[in-house]
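Please read the structure below before turning to the comments.
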Amino acid sequence: MKLVTAIIKPFRLDDVRNALSEVGVSGMTVTEVKGFGRQRGHTELYRGAEYVVDFLPKSKIEIAVAYDMVEQAIEAIINAARTGKVGDGKVFVTAIEQALRIRTGEFGDNAL
Amino acid sequence: MKLVTAIIKPFRLDDVRNALSEVGVSGMTVTEVKGFGRQRGHTELYRGAEYVVDFLPKSKIEIAVAYDMVEQAIEAIINAARTGKVGDGKVFVTAIEQALRIRTGEFGDNAL
Amino acid sequence: MKLVTAIIKPFRLDDVRNALSEVGVSGMTVTEVKGFGRQRGHTELYRGAEYVVDFLPKSKIEIAVAYDMVEQAIEAIINAARTGKVGDGKVFVTAIEQALRIRTGEFGDNAL
Amino acid sequence: MRPVFVLALLCLPQLAVADEAVSGDTAWMLTATALVLFMTLPGLALFYAGLVRAKNVLSVLMQCFAIAAVVSILWVIAGYSLSFTEGSGPFIGGFSRIMLSGMTIDSVRGSMPESVFVMFQMTFAIITPALIVGGFAERMRFSAMLVFISLWLMLVYVPVTYWVWGGGWLAQMGFRDFAGGAVVHINAGIGALIAAIVLGKRRGFPTTPMPPHNLPMTVTGAGMLWVGWFGFNAGSALAADNAAGMAMLVTHLGAAAGCVAWMSMEWLRFGKPSVLGIVTGMVAGLGTITPASGYVGPAGALVIGLSAGIVCFWATMLVKRTLKIDDSLDVMPVHGVGGILGLIMIAFLSSTLGGLGLDEGVTMGQQFVIQMIGISATIAWCGVMSYLLLKLIDLVIGLRVDEDQETEGLDIVLHEERGYNL
Amino acid sequence: MRPVFVLALLCLPQLAVADEAVSGDTAWMLTATALVLFMTLPGLALFYAGLVRAKNVLSVLMQCFAIAAVVSILWVIAGYSLSFTEGSGPFIGGFSRIMLSGMTIDSVRGSMPESVFVMFQMTFAIITPALIVGGFAERMRFSAMLVFISLWLMLVYVPVTYWVWGGGWLAQMGFRDFAGGAVVHINAGIGALIAAIVLGKRRGFPTTPMPPHNLPMTVTGAGMLWVGWFGFNAGSALAADNAAGMAMLVTHLGAAAGCVAWMSMEWLRFGKPSVLGIVTGMVAGLGTITPASGYVGPAGALVIGLSAGIVCFWATMLVKRTLKIDDSLDVMPVHGVGGILGLIMIAFLSSTLGGLGLDEGVTMGQQFVIQMIGISATIAWCGVMSYLLLKLIDLVIGLRVDEDQETEGLDIVLHEERGYNL
Amino acid sequence: MRPVFVLALLCLPQLAVADEAVSGDTAWMLTATALVLFMTLPGLALFYAGLVRAKNVLSVLMQCFAIAAVVSILWVIAGYSLSFTEGSGPFIGGFSRIMLSGMTIDSVRGSMPESVFVMFQMTFAIITPALIVGGFAERMRFSAMLVFISLWLMLVYVPVTYWVWGGGWLAQMGFRDFAGGAVVHINAGIGALIAAIVLGKRRGFPTTPMPPHNLPMTVTGAGMLWVGWFGFNAGSALAADNAAGMAMLVTHLGAAAGCVAWMSMEWLRFGKPSVLGIVTGMVAGLGTITPASGYVGPAGALVIGLSAGIVCFWATMLVKRTLKIDDSLDVMPVHGVGGILGLIMIAFLSSTLGGLGLDEGVTMGQQFVIQMIGISATIAWCGVMSYLLLKLIDLVIGLRVDEDQETEGLDIVLHEERGYNL
């Protein structure tokens, strides 16, 4: 199993979720994060006190998938999340050594 | 060292924390996340505009533990988090290559 | 590539970001988390109902870096995040098998 | 100067039509009515909603709004008539104003249009059941709540109002309750206490912490309550006169002293004063001065406010920590106990410390006895009726949501909404 | 008792100086003015701001504040004069009070200082365009908004006010609009509807859900609106008299009945009542009783409130679900439809169910025809002018932010601020 | 018409008992009192609390509440007497109303019950120190704050009030300060500035950004301040008369013009107007019109409001960016500078642009000199006393929390509470 982690623009989240569902990924965990990168943040101004916000709101999607699904999942994410503008985000793949479903105790690919 | 990541129902958090403490896991990091899976979300209705919320609030617990503690930790989590209803969540295990305590610079299992 | 994950005190975040920029790490993802560990939480009191808050606000920084940057990145984090008081946090290193930039489809170290 | 006991006078229907409305008095009573409605919406609604968990914030706001709407309609249909028109006996008013029949645009009561008197009293009838919400917060079914409050209004609030302000037996006995120590605060406190007992504790109480989800919201509501209370107490003078001015002054001092007392208690006992503490002290001070606000002077008001802060502080500790009753937002220890305390202190502070005097020929001791009778009667009637009503409703439609629903939160379960999408 | 149709009388300038201000009436009108400003700031601002997404919360608050400021200045420069002084004809007022010239501290209008009358009416001129904000929320450029509202005030609000309340042709015809069914609610509803159509839908509407970001904020605003509306309607009696008292009572009952009706509709149709539903029913009830609040009795008010809850509920479904017009905060179905409904019901409830009577010699049918003429004229004038203004502004400076800006949110893009840093 | 300078008249004690209260005036003053309390609780409390960081939100709310409570008690004990009864000289009032002794329910002051006058003035005594909170926000110890405010009230606020409104030397000289330019706004501004300097900057100021944590909360407070200010200024006419009406009108125009001016300055200078800017302009406009609100006409009010927006905008830039003084919520540049500006403009706008006239035989130049004397005296006295008090308290108990506590936030450290659990 692999853990596919994608950091995307928040307003693409629904599209990405739908794209993943279509390729058969039926579970995911999403975190609201703040991203720092090439994409420029904005300036805020409060009574003349300037404040440069470098961190931008992003959504982090984590999906545990079986080996053979990794490619499709990545494909689906990239297609749905891409706007072509800087700040579209990243996908990282890491290894999961074991997975368990708490309710049933099933493990491995069955737990997903 | 391993990183044990558990996605659980938020109202089980206190029980899980206590269970982990009992088996000797004394540190953890918790993130509020939104989960999507088999468990059905709810419907919201605002002046007749329906809005299906698929994402459910979940708590993600991350604990770095020494190899020999992994089994007990998983056990503790599963027992404390299980309600037997769909949506109880998952446990994932991944490898940590190195760990450091910022305050002291200690590393490896000593950092935990 | 490696994923360096640091859990730090929130008010050190800006210093850590600057320190990382200086060693050439130009992207990162930050999550607001709640940490449990050696550092004592505080007590809250509402009309005589006591409530011990064990979870403390922490910031989790995740940076994907090329192998040869790992040491410097850790160094930078540790120096900028350390206050010398309990609760300064941890750094964990894990392996990333693959990385992709959504906008361009670049992968590997080029994606960072 | 107009007499202080105007309410009693107003009960004589023959007087009601004779007068003409005075524009200054009418101006103040229109304003006071707006202020008292403001106490409930959004004042009390915010005060309470900030204290519950985020998943139940809307349920509390909804309860307050629905109570305001339903009570208003019941009040014009029958509540007002049964409370404030001459009845056939000392226990309940008459039917002459059912659906406000016979009241025209020209009708006058005291020195204000009768329509204004109807409205002013309606706002009291709204806030009293709304206060009870604090007793059963975070677990009651919305439909059961509506049924309970409607019946409670007619069977508890209306008769007690008639007894005290409508010319009933307590009024005739000389019972002093200027702006609602018994009618409003004891009734609300006892209603909430009984509801808390009959419904039972919230899941997890008292072991799981249930901290307020939004204290700034609670403080906002508290500020509104303080300001609105001027309408409540100074409006109860039913005119823009010296009695109203004095009532406002003593009300304010009661609140201020309540703040200081509760804050000091926390400082002494826990080492730190809290903002929830200071606003609770304020409410305690206001609830306690309410019945006395037409009788005592400024010094008396300070005594009342300080006592309120101390006594209600300990009462809260007792109910929550010792008795472990989940009167979730502390309605009984703050309002109920405050109302009782204020009613008792009337006997001793009406003729001392600058008080405006007891009735001709009445001694402190006699007044004390009368006050105790009024307090006991209100507690007994409200306690028994609330208990019977709740038990009955539980049998017929059920009072509580189930465990899973309570865990998920009433907002989604009962109203399909979420408070915040930040 | 003073006559109910005081506004019409006040238009005769010769009366204006003769009288002396009455302190009681002045007291109430000062208060009513404060209450109506309170409806907009912070009432309506919060009501609306809670309904949008978090990234646009400040833009809505900003629009309400800027409208209040700009309209106030325009009002004293020319708006008041053109609305409320005798003009050369039935369509627009005169120039005698441009920059309030000729008004001194001693000027009196009716039984209040003229300065108070200017202020009271100003608060109506503020809230009407502020209501329109709901139609174009979350997508309009701030500068375009300022230009639109300024022109709209002078070209729509001011003439219609003159027609109805300033002695213009509708007033002369006997059109009944006590506190602003046409002047305020139809104008706002139509203005918002046209704006929604001309600007077009928000990106993603109606497929993407856009739930309110902070319902407690909306409920807070709703409570303030309810209370402030007492100033709006009972203040429209222009005195602290029996007419004001009755107006307050029927206003309150309209709100309460609107709450109950909308709540019931949701319960029947969706299985659960919602807090957004109950407050929307409240606004519908209040908007609908507004024009009628000086004419109907309590029973009539209940009928109006219940009808409002039902009719506006269905109108909302129609506009949003069937026509798919993105009148984002439902201004037309709630205010516009409510205003129309109330104006029509005046014909039938002025002389039945305890109403205060039609004018001597006018039948229900005749009044109905007059009401329909007033309604139609307001809809037509407001519709056409709003459309032309918006099209013109779109050509010259552009109405909408671009797609990326809409995605990022107006707070950052237009104001370089964020609502929350929690 | 009643004279404008009623406050001065009221100082003659022999008049106080002779009159009877007028119900209309009493009605308005009861209302105005409620409005001014509303400005502090919850108005100012929310305005300020929204501007600090989330970890300190409760500390600000707590300070405002505690100030309201403590000042109220000090006011009735001695503040009122020393401010508003005849003293032995021109610098401080007398002891005849210590603990309100001698004031009965029948006491009258002007045309209102004396109890109402006591209350109305108390609300001014509450808001002035509450404004100072903005100078030392996010770093002061709560106990030190209580001590400082209590002493400051008696040693700064009370004497200056006596000088200006109580018949003291500035009143005798003909100093014009209708509703508190010197008494309230300069006092608050200087107090805050000195506190900011003595306590020192917040950790990280000005390099670390400290954006407001909840701007909708601030805007809510701003709306309440606008509405409440009607009570402040129009209430300062002490009657429901033409002077009150005109005061309300010019107050409102000052606010509106302040909004427009500040918004325009931001637009010109930074390219975008902000909601924090518009509400700050509103406060600047209101603070500046306050001393002038009984003397100028509508056109003068517009001039004052526009000047306020521009001058206070630059003053804020100066204090924050150039001088780098951490007057955290900009009390001095907005209130202090506004108060000074308004007091000066009185000299020039009382007899021009529709102003109500200078005193018989006083020229603009003479009035200007008098105004400068009053301004200078207030700045000097308040500055020196505030400095001495703060230094003394720092020595004895310490003014600031330590660094770690400041980092953790005052809510947890001082009050063991957290604002939000969302």
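Quick notes on this structure:
We just call them A, B, C, D, E and F in the order they show up, numbering each chain from 1.
Throughout what follows, a contact is a pair of C-beta atoms (placed from the backbone, for glycine too) under 8 Å apart; a residue touches a chain by one contact, two chains touch by 3 or more.
In this text the structure is predicted, and so the values were computed from the model without any measurement.
Among the remaining chains, those touching chain A and also chain C are B, F.
Set against one another, C-D and B-D show the most C-beta pairs in contact at C-D. Its C-alpha atoms superposed on chain C, chain B is turned by 120 degrees; the angle is given in steps of 5. Where chain E touches chain F, under half of the residue numbers in use are shared by the two copies, so each contributes mostly different positions.
In terms of their C-alpha centroids, the spacing between chain B and chain E amounts to 52 Å.
In whole angstrom, the spacing between the mean C-alpha positions of chain D and chain E is 33. If you average the CA atoms of chain A and of chain E, the two centres end up 46 Å from each other. Contacts with at least two other chains are made by residues 22-25, 27-28, 31, 211-212, 214, 220, 240, 270, 272, 274, 276, 416-418, 420, 422 of chain E.
Shared interface positions of chain A, i.e. residues touching 2 or more other chains, are given as 31, 44-46, 94-95.
Looking at which chains touch one another, you get A-B, A-C, A-E, A-F, B-C, B-D, B-E, C-D, C-F, D-E, D-F, E-F.
Contacts from chain E toward chain A in the complex involve residues 208, 407, 412, 416-418.
Taken together, the chain B residues at the contact with chain A in this complex read 2, 6-8, 31-38, 54-55, 58, 60, 74, 77-78, 81-95.
Across the complex, chain D is touched by residues 44-49, 51-52 of chain C. Contact residues of chain B toward chain D in the complex are 11, 14, 42-46, 53. Contact residues of chain D toward chain F in the complex are 1, 22-25, 27-28, 31, 35, 53-54, 211-216, 219-220, 222-224, 226-227, 230-231, 234, 239-246, 248-249, 252-253, 255-257, 259-260, 263, 270, 272-276, 278-279, 282, 298-299, 302, 354, 356, 420, 422.
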